[in-house]
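Once you scroll down, you'll see the structures, which are given as structure tokens.
Here come two complexes built around chain A, the first alongside chain B, the second alongside chain C.
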Partner chain A sequence: MSSRRTCRLRSAERDDLVDADLVDELSKDDLVRAHLDWAPVRLEALKRLRAANLPWPEHWHWDWSQKAGMLDLLAYRCMGIEHGGRMQGLMMLSTVAVKGRLAQHLGKPALYVEFLETAPWNLRALTGTPQFLGVGVRLLEAAVVFSQQEGFSGRLGLHSLPQSEGFYRRYMTDLGLDPKHSQRLRYFEMDAQQVRYFLEGGKS
Partner chain B sequence: MKPQRMSDEIFRKRAAEEDGCMVSAIGLEPLFAKGEELHRRRGEATSEPVRLAFSTLISYRRRALKLSMETLAQKARVDLDELLQIEQDMSYVPEPRTVHQLATELKLPIPQLLVLSGNATSANAELTDAAVRFAARSRAVERLNREQSDALNEFVKVLIKQKVQNIEK
Partner chain C sequence: MLNEPTKRTMTLNLTEAEMRALETLAVQKDLSKTAVIRQALRLYQLVDSRLSKGEKLFFEDEAKREKAELMVMI
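Let's turn to the complex of A and B:
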């Protein structure tokens, strides 16, 4: 059963913070609804990008309704950020810990982020004028909090699509191309010091 | 440990840093780390008939697609020894990556195979029931007879029906 807590997003238009809901344990229906909401917006954006001869996002084909079935498995858990009745971003987590790969994490469990995506209208690269900023940050924060609640001290890992590497590299350690990954993506991991920097600022 | 939260001030800064970035992450591998203890724990997650169904499914499906063990191992980039273990050793729990590769090559849904192989648990009783029924009807032989083909087709239909497939590649 899903639960909610308030989190704040940054309105790109007014530059103020607005209340939104971080919804945990989303249902399959939630994912299907999000897909139906996102798909036409994404399609229009892709048409514009094509007309302007601009690169498409690498995750343009993601379909969260297709991922909904993963929620039949206890190994997955989905969170989203909702505002105005619309899902602003989604994240699928693995509830089964992975072993940390950073030297200081060897043998220690870490949370693994399966999928993370912001709604198409929140990506400047797609719309030019995003509605909300910081959706990805809020989802990453939720992952850190979940990792802390699970007793993993905020340790988390993920594989990033190439276009997103710059974002994750700000807050996580780039452990390079993962030869075990089917797409040979780069693997990133966040340690306790990076958690503090991400959440509290200061020196990275 | 009390979870930390981000202040509004830091969030504003982080949101500005995110602006203009393409934010997405993609996973699915590896769900689990290596290690004997983990192998044991993963093995415990699957009952014997379900694990038997996994071995038999891989074997039947391979033969239904007219693939030799060598060919499948090569196409799926899996060690031949490991494929042999998967098909013949009911106590062996393969790595999720291996399951992923085999599922892709055999055109079977990945999450269900992760469950059957002992890498994940499922709240879906229909899947495990179907696996037990399939295992009960199955016996490994060189060529599939009509009854075995029917059993395979029936089980694959149940797997597909769960609609847990199509994980983004």
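Let's turn to the complex of A and C:
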């Protein structure tokens, strides 16, 4: 059973904060609906990028309707941020703990972020002028809170696509290229201080 | 804070050895006993789902260059 809580996004158009809903447990239907909403917008944006000979986002091919089947298993959970009746960002979590890799976390369980994506109209690489800012940060914050609820003390890890490394480096510790990852991506983990930053509402 | 989902309670009957194993894992992993049981259930369901699709589960010792399939009774 999903629940909602209010979180705040920055509207680029109004240059002001707006209330949005963080939905903590999305259904398969929610993912299919989000995909159907996002796909045409993404396609148009990709056409524009191709016409302008600009690079595409590395995750341009992600299809959340294809990921919906993961939700048949207890091992996965999907969260999203909704505003104006549209999903502004999505995040798939693995609820089967991974081993923490930071020295302070060795042997301790950590939550793993499988996928995190903001809606195509919020992605600077696609639109140039995002509608809402802060979607990724609010989703990371939700992941930290969930990690704490699961008994993982906020520990959180993920592998980042190269284009997103700069974003994750602002909030997490870069542990370098992971030679065991199928795409040899860099692994990031949140240390205790970075966890506190989120749990204390970004005040520390 | 995210709302906690509704939970149901059950009594779990374990042998002394099973309870010791559960307590040891809880200490080693810095988790509550309930969290250990939840992790076990999630992992069991995940492994069962993949095995039922015809996939196999292996343990690998890179140093010894050994790889063994884990036979799971399901």
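The criterion applied here is as follows: the second predicted complex is superposed on the first by the 196 of 204 C-alpha atoms of A that agree within 3 Å, B and C clash if a C-alpha of one lies under 4 Å from a C-alpha of the other, contacts with A are read in each partner's own complex, and residues count from 1 in each chain.
Here is the rule we go by: contacts are C-beta pairs under 8 Å (C-beta built on N, C-alpha and C of every residue); 3 or more make two chains touch, one makes a residue touch a chain.
Just so it is clear, the structure is predicted and the values come from calculations on it, not from any experiment.
Trainee: Tell me which partner A:182 touches in the superposition: chain B (first), chain C (second), both or neither.
Mentor: first
Trainee: Looking at the overlay, what does A:127 touch: chain B (first), chain C (second), both, or neither?
Mentor: neither
Trainee: May I ask you to decide whether A:96 touches chain B, chain C, both, or neither, giving the answer as first, second, both or neither?
Mentor: both
Trainee: Touch check for A:145: first (chain B), second (chain C), both, or neither?
Mentor: Both chain B and chain C are touched by A:145.
Trainee: In the overlaid three-chain picture, which partner chain does A:108 touch, first (chain B) or second (chain C), both, or neither?
Mentor: The answer is second: A:108 touches chain C but not chain B.
Trainee: More residues of chain A are touched by which chain, chain B or chain C?
Mentor: Touched residues of chain A are more numerous for B.
Trainee: I'd like to know which partner A:193 touches here: chain B for first, chain C for second, both or neither.
Mentor: neither
Trainee: Is A:75 touching anything from chain B or chain C once the two structures are fitted on A? First, second, both or neither.
Mentor: The answer is both, since A:75 touches chain B and chain C.
Trainee: Answer with first, second, both or neither: which of chain B and chain C does A:153 touch in the superposed model?
Mentor: The answer is both, since A:153 touches chain B and chain C.
Trainee: In the overlay, answer first, second, both or neither for which of chain B and chain C A:167 touches.
Mentor: First partner only, chain B.
Trainee: Does any part of chain A touch chain B in one structure and chain C in the other, and if so which residues?
Mentor: 72-75, 96, 145, 149, 151, 153
Trainee: If we count contacts the way the header does, which residues on chain A are in touch with chain C in the complex?
Mentor: 1, 3, 5, 22, 24-25, 72-75, 95-97, 107-109, 142, 145-146, 149-153
Trainee: In their shared complex, at which residues does chain A touch chain B?
Mentor: 8-10, 12, 17, 57-59, 61-63, 66-70, 72-75, 92, 94, 96, 98-99, 112-118, 123-125, 130, 133-138, 141, 144-145, 148-149, 151, 153-154, 158-161, 163-164, 166-168, 170, 178, 180-183, 185, 195-196, 198-201
Trainee: Under the definition above, what is the set of chain B residues touching chain A in their complex?
Mentor: 1-35, 97, 100-101, 111, 114-115, 120-124, 162-169
Trainee: Could you pull out which chain C residues touch chain A in their complex?
Mentor: Listed in rising order, the residues of chain C that touch chain A are 1-6, 28-32, 35, 39, 41-43, 45-46, 49.
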